[in-house]
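Pasting the structures here.
Look at the two complexes coming up: chain A is in both, with chain B in one and chain C in the other.
Entry: the complex of A and B
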């Protein structure tokens, strides 16, 4: 039984990993930022703070709406779906005190703004990470 | 009936039941209301606070997620917006939203008290993305005025509601009280005011109250009325009866002939009746205020201390005490009252006083009479004995004195009474009394004991010679002739004398000694005096002894008849016998009749003895008759047997019983016996003779030998006394006397029996003189019955011999 269960779990996780992307938080490799905690990522992406530990103003960047990694990211980060995240922002936007992350229209835009802005922080699928990018936070497996 | 409103207002009197109960109900209601309202306020307050809290919490719930976002993002705008929203709620007075970095919003209602800190509602705000991470907090201040207002409203509502309810209850209670209690009671009270239970009026039970406590009360009141009227009626009857009784007793009290009175323990008179007033000659009215108190001691008692003692005695005991008390009232020589006192409680004594003067007088008279002889006025036997006792006691006390007792008995006084009549006798006794008195001194006592017997006490005289002189004087005085109807009568007396204390120490023996001495004087012929001598006592003792011997002799059949033959001188044959009594004494032997007949006569035993002898004689006659012997038997009859001791009927009965002809039995009587009571003797002799018995005149010649008596009595035979016959000598006087008697008897047609024939010469002389019968020792002495046959044979033989 035990063998059966563990086998099942392995199968399922294997399926998951193949079906979903694995988002990681990245910055430009040129940035001095080396690591962010998950709390810091939450604060930055959900508008609480916009200051990075190295003193730079953070510039969070969202993947396009349709990108599966975006949904995964928020699911993994605060266990919310995108509708909820949108509802959250809709309350804050009205006051004008803070604003949601930059809305990229494509993955490429994400890379442009990430590399182009000093405080840029974004999430990408692990498979999209290359030398220009530095992973500062990974979700626990 | 009073108008209802008046009745109602009467019900509201300050002390009335209705007002009191209403006030009580209202007070109780108010108290209950206050408690209820206080409780309601308390409960409402708690509830209002709770409700407020709940509402605020709910409010916080609705804004919590928005606030979480605002706090997470430090969005002041959003926070202020939320604050505004909260403040729009009336419960909320102030809102304060803070994050860990800054105050996001701090809004409050205008005019609110800043210092309000109680009832603050605080809620921690967590991150919308991490429930464990606090991002801020909200402080909500509720508005107390709102809550208080709500509480006030609720309490007010409760109060109003309670007031309504209590008001209704009070109203209902008052109405009930009025309807069910106050009005019926009021009605009963009004009815009771006008009710007269004695006329049978009673309370009516109020409507619909038949089974309630009110109905019970009415029944109880009616029952009480019944009992009270009953008691009243009884009381009235008793009072009426008491009035009648009192009137009755008052009448009795007023009209009583005895004195009635009431005294207290000191003897003060409280009241008395008219009879009492009259008895003591005092005012009729009982003492009022005007009169001073009168003590019973102050009444004219002869001896007031006796009255005092009587009062004290009466107070000490419950029974009545009584005493005869003498009173001294001027004008009344002496008056005796009998006082009865009885304690009636309360230290009061009730008394009755009778006038007993008359009783006392009669009593004294009776006492005097008892010791007095009415004929002579002398003391009687009782009086004498009293006097003797007094003297004896006086002597015993003083050892001086002494006295002589003289008993004076007239000799043959009976002769006077019988021959001359009782008045003559009485007259002589009265004269004797005077003569005796004349002989006595003032200290001496004269008494009359019986018919002709007197007693004299010579006080302080004990010397024999003095007594002797006095006795001699008395003898002389009585010897003086008495004159009865002009004729002189000579009498004398016998005097017996006893001396005290030398002869006897007590009254009875003194009297007996005097009597013995007197008897002795009498038996020695009378007309003299004899001093008591102890020998007399001895003789009397002997006599008493003899008497008891006689009695036992009768019982033991010791009396026997001896028979002395009687010879018919004409035929020279035995014609019969004279029966002579003998006493065969067990120790003294044969006792002759002279020794016991006088005493037997004196004691009356002779009657019994002679009846026995009659029986024996008749039995002997019967024997002879059966043997074909035609003997006659003569029997001596004593004076005591005539007329009743040996009645003709008895004689007839006895001879009939033995089947004997009466003419075979001759009854010998002496002249003395015949003449003792001529009428009775004559009647007896006539009766006996008529029955066929023959009558012999015994001892003829020794007494009166009266020819007239001889003619008067139907005597058949004369018995010439043996003294004449015994002394007969040739040509002597006696010879002539016997011859004369025989001649006289023959001339009267009587048979003659000569007694005491002892010699043949007697026999021959008697034969010559024509005497019919003879008896005497010449033929035979008296012999017992069993020897008689032999004697008869010897006599026949003797007579058959040719005369010498």
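Entry: the complex of A and C
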């Protein structure tokens, strides 16, 4: 039974990983920010606290809703699905507390905003990282 | 400290109406103009600022109970509720909200909600109308008409989609008739020991009223509300201690209820000028699919007309894919202190005890339900509540005057929650 279960687990996780993106948290390479802890990223993207370690105000940017990296990012960050993230933001929006991350309508928008805004923080699939970006947080593998 | 109607022109009714009409006109006419302008703004600019966005939330609910000797209400702001026939009025509501972003740190919010409330109608209420400014990521201020946070999650209790259960447990939230204030609040946030410490203070005046007895409402307007909380969040844990107090401005319509100048005879039963204090503790554990909430409160009245009370609940939910079943238990109990005695047998033995008895609760409720997130921004919920109380436990229900209430009731509810 144990062997069967672990085989099943391996098969399922194998299936999962082929379809999955690998999100990493990035800032502009021109930023003075070097690193963020996962707690800091949670605070920034869930609107709890948006001061960056370098003193700037963080400006988080979400990938488009249809982007698979968005679901993977929140899954890895807080183990929540997008419905739960939606419900979380509806609480904050309708109690007028804080604003959700900027909603980009395309991956290109994410890049434009990220490079153009001091404090811009986004997540992208690792394969999308180029020399304009700096990785400031990676999830443990 | 308080913003009064006189020195804050923003709080005057007519201007509010104009502001709403203005916002609606902006939304109707401004949005296409703004999106057209988007192409002209510099590429580096994130979404066009200032910008207006429109959001909404709502619930289509149906509720019935198995008992016609009392009516089930969501909270005491509802003058009547559900009996043994399905009714939409307990949980159905719709809210519209316009957010105007002037910059990344300044925002104005206007919210209108239509729900069944004090005047036995769905007449829309202006629930929020404030400006928020974040001076820094650590410090923000809001001024105008604001939601009150007497208890954790208290300012989102109408937004069904954001809550796990079908409605916030009435044993805990049901006696809370204050939803918003005209005033201001400040929030301070500091990272402390790898967690976040948040402190909030609010102060203002109530613009609301509440049902008092069948056909009678108690005008709460002008009552002063002050309060605040300390909140510490660390990983999946969040702990909050809150305090709030209200000083009532207007007298409750007890003379009209008794049909005699009762308060002249028993001045100790007056509420105008008296204060009530709300203390509460909230603990939430939210890790992946598991969410557990524990809340406790204590309400203490200076006046003698209302019994002091204590309440609490525990609720646990576990997400299984799109379906999240939940279980909860809540309790509300009151403590009647000594009653004022004036030496008149009818008043001392009948009238005063029966008035105070209206605020007695002694019940617990078991809740079981499930939430199904079947589509983005839509959730269906089904819930059963079993109320086990004593026949004297009437405070959190309506329509118990006819007698026959035995303290026990089962409530069945269905709801479709949406946001847009």
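Basically, the second predicted complex is superposed on the first by the 123 of 141 C-alpha atoms of A that agree within 3 Å, B and C clash if a C-alpha of one lies under 4 Å from a C-alpha of the other, contacts with A are read in each partner's own complex, and residues count from 1 in each chain.
Here is the rule we go by: contacts are C-beta pairs under 8 Å (C-beta built on N, C-alpha and C of every residue); 3 or more make two chains touch, one makes a residue touch a chain.
Since the model is a prediction, treat every value here as computed from it, not as a measurement.
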*asked:* With both complexes overlaid on chain A, does A:107 touch chain B (first), chain C (second), both or neither?
replied: neither
*A:99 contacts which: chain B (first), chain C (second), both, neither?*
second
*Is A:29 touching the first partner chain B, the second partner chain C, both, or neither of them?*
neither
*asked:* Tell me the contact category for A:48 with respect to chain B and chain C: first, second, both or neither.
replied: both
*Based on the superposed arrangement, let me know which partner A:116 touches: chain B (first), chain C (second), both, or neither?*
second
*Thinking of the overlay built on chain A, is A:88 touched by chain B (first), by chain C (second), by both, or by neither?*
both
*Check the residue A:57 against both partner chains and state whether it touches chain B (first), chain C (second), both, or neither.*
second
*Applying the touch criterion given at the start, work out whether A:80 contacts chain B, chain C, both or neither, answering first, second, both or neither.*
both
*Comparison of chain B and chain C by chain A residues contacted*: C
_Just to be sure I read the superposition right, which of the two partners does A:129 touch: chain B = first, chain C = second, or both, or neither?_
neither
*asked:* Per the definitions at the top, what is the overlap between the chain A residues touching chain B and those touching chain C?
replied: 48, 78-80, 88, 91, 94-96
_Which residues of chain B touch chain A once you look at their complex with the stated criterion?_
66, 69-70, 72-78, 81, 128-130
*asked:* Give the list of chain C residues in touch with chain A in this complex.
replied: 43-47, 55, 57, 95, 97, 99, 101, 104-105, 107, 109, 111, 128, 130, 132, 136-138, 142, 146-147, 153, 155-156, 158-159, 161-163, 189, 191, 194, 196, 233, 235, 287-289, 319, 322, 373, 376-377, 379, 419
*Using the touch definition up top, name the residues of chain A that touch chain B in the complex.*
42, 46-48, 77-80, 88, 91-92, 94-98
*List of chain A residues in touch with chain C within their complex*: 39, 43, 48-51, 57-59, 61, 65, 78-84, 86-88, 90-91, 93-96, 99, 102-103, 112-113, 115-117
